[in-house]
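What follows is a pair of complexes built around chain A, which joins chain B in one and chain C in the other.
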Partner chain A sequence: MVQATLSSNWVRMTTRVLTMSLLAFAIFGPITNMLLWAVAEVWYFPYKLPLEYGFSFWERVFRPEGNATEALFSSIWIALLTVVVSLAIAIPAGYALARGKMPFRYLIMLLFLLPQAFPAVAVHMNVARIFYGLDLTGTVMGVVLVHASQGLVFAVWIATAAFAAVDGELEAAARNMGAGRWRTFIDVTLPLALPGIMASAIFVFLISMDEFTGTYFVGAPDVVTLPMLLFTSSMEGNYQIASISSLILLVPSVGFMLFIERFLKADVLAKVGS
Partner chain B sequence: MSGQSMSVGPGRMGAILLVAPALLMIGFLFVYPFGYSVVSAFTDNGEGSWHIANFTKAVEFYSKDILFTIVIVSLSTVIIGILAVAIAGYLTLGENKTAVAILKWLYRWPLFIPFIVSAQLMRTFLAKNGMMNNILTSSGIIEPLAAQSYLDWRGIVITFVWKQTPFVALLVAGAMASIDRTTIDAGRIFGASRLRILIELVVPQIATTLMVGLILSYVVMLSVLSVPLMINAQSPTMLTVDMAWRINSYGDYGVANALGIMSYLFTGVVAWFYLRQSLKDKGA
Partner chain C sequence: MVGVGIEIEKLCVGYDKNRVLHDIDLEINSSEFVALLGSSGCGKTTLLKSLSGFIKPMSGQIRVNGSDVAQLPPEQRNMAMVFQSYALWPHMTVRQNVGYGLKLRGMSKEQINCKVDELLVLLGLADFGDRKVPNLSGGQRQRVALGRALAVDSPILLLDEPLSNLDARIRLSMRHEIRSLQQRMGLTAVHVTHDREEAMVMADRIVILNAGHIAQVGTPLEVYEQPKSNFVATFMGAENEIALNVERANGTLSISEQEAVKAASLSVSNEIGDGGVNWQATAAGSVRGRFRSSAAHLLADGTVPEGHLALAGRVTQLSYPGGVFRYEIESAGQLYMIDDPCRYAVGDAVTICVPAGGLHLYSEAA
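Here is the complex of A and B:
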């Protein structure tokens, strides 16, 4: 009897370890493969591991005029502009949706969700066609607009939640003490909502950094962001450069995963989408 | 309370003015191009009148890809659903604290990895001489000569499942954490196995969350261009690749938009099922 429970415990333990190892391999295997490619100098079939390791590809792409440096800077520049455009639109909208007497509030909130609810490719190829008539294709501004439209639902919804989480009595107190509407907003409401606004800025920044489809239709071949560089080098079979670009794109994403909880507090999170 | 917060907020006119830029943006960058795509699908290619020639051409050329897209996306959705419930279920019902902690740390990794990076990871991992085959042959599970590339429909499904399962699992685990524990405990007292508790007691209570997560994933998979483009762009492939090809190689917006309308319909069917179900739930 004791023997039987012991052996069944042992079987359970082994299954658990095996399942976890398999899962770990499934999740980290592809990532490891990319890391190997990022430091491989020479690697071809049928060798299971790179024949030479080194950083000559890193040196090549990170030279001041190297293509990765250029793509990285244009990605960051576009992402920053996208954040500015999105926040300039989302902060007033979020404030109005959280505090104002808004007719059809629920429908308006849903409207911002629409771009996520339809397959993006079909919409983006027509955006590219419309932009062509406006001389916006192949320009940074065109790409920024497409990225901002992708991020708008997150920007508006999180900003709305952030303003809704601000205690209305503090604003009322400021008003009672004679502060004007604008003064109350700048000195009381906005600082209190700032962590939530920061979270939405980070969200939008990452969406822009990782965006591919819109850039592919609107920006290519003139605007080369990091995802575009990743794509073209991968299609040309240059796995080192594709893997190095992947690695650069992973850094902000993983950092986001580790730090988002600091910005997106539970009280704001609970109000997202409501 | 609400009276006070209203007195500090903008009035009706002010609120509308503050939201106007956001609405204009959605109008210009989504509603207008969306309408454009519908008109283009029914009119483009020289003739000024309304016609369905683009659709007949799209079906004639791409019927195989239409089917292929539906199969890939449906299969991926089903696998994601099963894996997400398994992961979230173990996080909720697992008795071994170490295993639960490891799983919790492990499963989230792909969540914030961009699609294009996932596609590149899988492009190397699943290739004929990729790490997966290397490990399988080195450990003697398959013969070196039997190693084959998975960069076809299987690669697309694997990449979608790898990338989207953590998202659905995260939502479902959150829902499972907030359900009433007494039913679970009751099930335990009556000696039901954990699998039975999961399927018969837990899953029905989180079905709506699971459905929302799966629908969002389904739409995302129908929209992603980078994954099919990088994993398998040869025929048969997904509609997103066909749309890009139609435009970049032929400038043929008519057929591309006809394919686009079909992809709207695929999401429309799912949205309709979802709405019908949630109306039923509310009626019951």
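Here is the complex of A and C:
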């Protein structure tokens, strides 16, 4: 009996350790590979590890005339504009969806999901065609609009949750003190919803930083973002440049995780999409 | 700052097809403390929200100082409200919460600071000015909420069950604090509560609401001693009910003998405190009587004093809530709760003795 419990404990322990290790490998394996490539100077088959280490590729990426720096800055610029465009729609839409007694509320929220619902390539090819007629292909604005169309569903859903989590009685108290609707929104509603709005802004920023298909169809070859550079350099077998670009793309994602963990309360997260 | 009067006329309020308030007529005098009392769902909070402007009435008028405000948005009504949840802004300090209304009114920083300091001292919050709201206890929050409402010098103070989230002990002291502040400042106050005792000790007048109608308006003494209807009597604690057969001749009632009830002759009350029966029935015959457990007492033998209603019964249960024993007495198939300081055991035969002044009579149907 004791023997049996011991052995079953042992089996449970082993499976747990194995699962954990597999999971860790699945998560950290590719990242380790990427880290190695980022600092490898010379590495070819059949060697398991790089032959020479160094930072010369980093220098190349961050060289002022290097196209990586340019791609990084255009990525950040596009991402910031995408955030502005998305929030300009998400804040009023989120407030209206959270507070107003709107008919077809769910339908409207699902509407923002539509760009995600169809195959990305098909959607973006047609977007590119329409944008061509509007002289938007190859422009930063065109890329921003494509990115915003993808980020909007999250921006609106998260903003709606953030506004819904603000107790209506807090707004009522401001009105009672003599504040009009607009003043109440600025003084009470917006500051209280701000963590959620910030989260949606960061989320949209991340989506824009990572976006590839839409940028490719609408922006190429005039607008080059980091993911596009990453794509071309891996196609050319230039794994160092690709790895360094990926590492740069990793920074905002990690920052977002930390932000969510630190500032976003469970009551906001629970209301996302409802 | 002196309060102003409020006149409510034919006020109807509802959501969609659902009527909550029906033709409410109520006059609140300047500097008067009025309690809206009723059980949940009676419409008391809806009435307060209509006053404060958060619900637009379907019809009717709310006149403040003679002008109708029923259709104005809340920010233009100049009525300061204390919310049940306190509704303090968590992203602001105590000082900012209290000073917000003043900031909206365009006062200078010095003026605001001066006024806020004065209020914080008044409310015993002087050391908490720079705390954020989440770091305050329930009692402190309630004071901040009160301070915020008092800061704007509005002549009308609306209180939406402000004490219901507090500990029993703090609640008792806050009752008196709010009442004395209201009297000192001469504010007109409307207080919503479901707590009978709270309404009794705080208010000048009590408005008892039932299913969207006003059941009775009166001073605490009036609604307690002379409840006008069976509902008000029950709500004001006269839980014991008895069916009686009475004859009325001039100022006296004669109760005919039936089952456990002894025949008696009682005087009818002309004014509060004269020891007579509160006669609200429309006609003699079979009526419904009500009395409080504290108004009656028990007798071990059958020698009933003059001017008392007596019914024979048996003790079926007892408890000790403090001060007196509370007995459940069974009499002719009915159960009554009676308070009495003397000790009886379960099964003892006793006589319930109700003085005429403790008895309220209503028509059967009402």
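The rule is short, and it goes like this: the second predicted complex is superposed on the first by the 251 of 274 C-alpha atoms of A that agree within 3 Å, B and C clash if a C-alpha of one lies under 4 Å from a C-alpha of the other, contacts with A are read in each partner's own complex, and residues count from 1 in each chain.
Definition applied: a residue touches a chain if its C-beta (ideal position, glycine included) is under 8 Å from a C-beta of that chain, and two chains touch if they have at least 3 such contacts.
Since we're looking at a predicted model, the values are computed, not measured.
Enquirer: With the two complexes overlaid on their shared chain, look at chain A and say whether chain B and chain C clash or fit.
Expert: fit
Enquirer: Considering only the touch criterion stated at the top, classify A:Glu169 as touching first (chain B), second (chain C), both, or neither.
Expert: Both partners, chain B and chain C.
Enquirer: With both complexes superposed on chain A, which partner does A:Phe154 reach: first (chain B), second (chain C), both or neither?
Expert: neither
Enquirer: More residues of chain A are touched by which partner: chain B or chain C?
Expert: B
Enquirer: With both complexes superposed on chain A, which partner does A:Met177 reach: first (chain B), second (chain C), both or neither?
Expert: Once the two structures are laid over each other on A, A:Met177 reaches chain C alone.
Enquirer: Look at A:Phe203 in the shared chain and tell me whether it touches chain B only, chain C only, both, or neither; answer first, second, both or neither.
Expert: Neither chain B nor chain C is touched by A:Phe203.
Enquirer: Return, as a multiple of 10 degrees, the angle whose vertex is the Cα centre of chain A and whose sides reach the Cα centres of chain B and chain C.
Expert: 100
Enquirer: So, A:Leu192: does it touch chain B (first), chain C (second), both, or neither?
Expert: The second partner, chain C, only.
Enquirer: Counting only touches as set out at the top, which of chain B and chain C does A:Phe57 meet: first, second, both, neither?
Expert: neither
Enquirer: With the two complexes overlaid on chain A, what is the closest approach of chain B to chain C, counting only CA atoms, in Å?
Expert: Nearest C-alpha pair, chain B versus chain C: 5 Å apart.
Enquirer: Mind sorting out which residues of chain A both chain B and chain C touch, each in its own complex?
Expert: Of chain A, residues 169, 172, 175 contact chain B in one complex and chain C in the other.
Enquirer: State the interface residues of chain A toward chain B in the complex, per the touch definition above.
Expert: Of all residues in chain A, those touching chain B are 16, 20, 23-34, 36-37, 45-48, 88-90, 92-93, 95-103, 108, 111-112, 114-127, 129-130, 145-146, 148-149, 152, 156, 168-169, 171-172, 175, 181, 184, 206, 209-210, 212-213, 216-217, 227, 230-231, 234-235, 239, 242-243, 246, 249-250, 253-254, 256-257.
Enquirer: Sort out for me which residues of chain B touch chain A in the complex.
Expert: Contacts found on chain B: 1, 4-12, 14-16, 18-19, 21-23, 25-26, 29-34, 36-37, 40, 96, 99, 102-103, 106-118, 120-125, 128-132, 134-135, 138, 144, 162, 216, 219, 222-226, 229-230, 240, 243-244, 247, 253, 256-257, 259-261, 263-264, 266-267, 271.
Enquirer: Hey, which residues of chain C end up touching chain A in the complex?
Expert: It is residues 52-54, 73-76, 78-81, 83, 85, 87-91, 100-101, 104-105, 148, 152 of chain C that touch chain A.
Enquirer: Mind listing the chain A positions that touch chain C in their complex?
Expert: 167, 169-170, 172-180, 183, 187-188, 191-192
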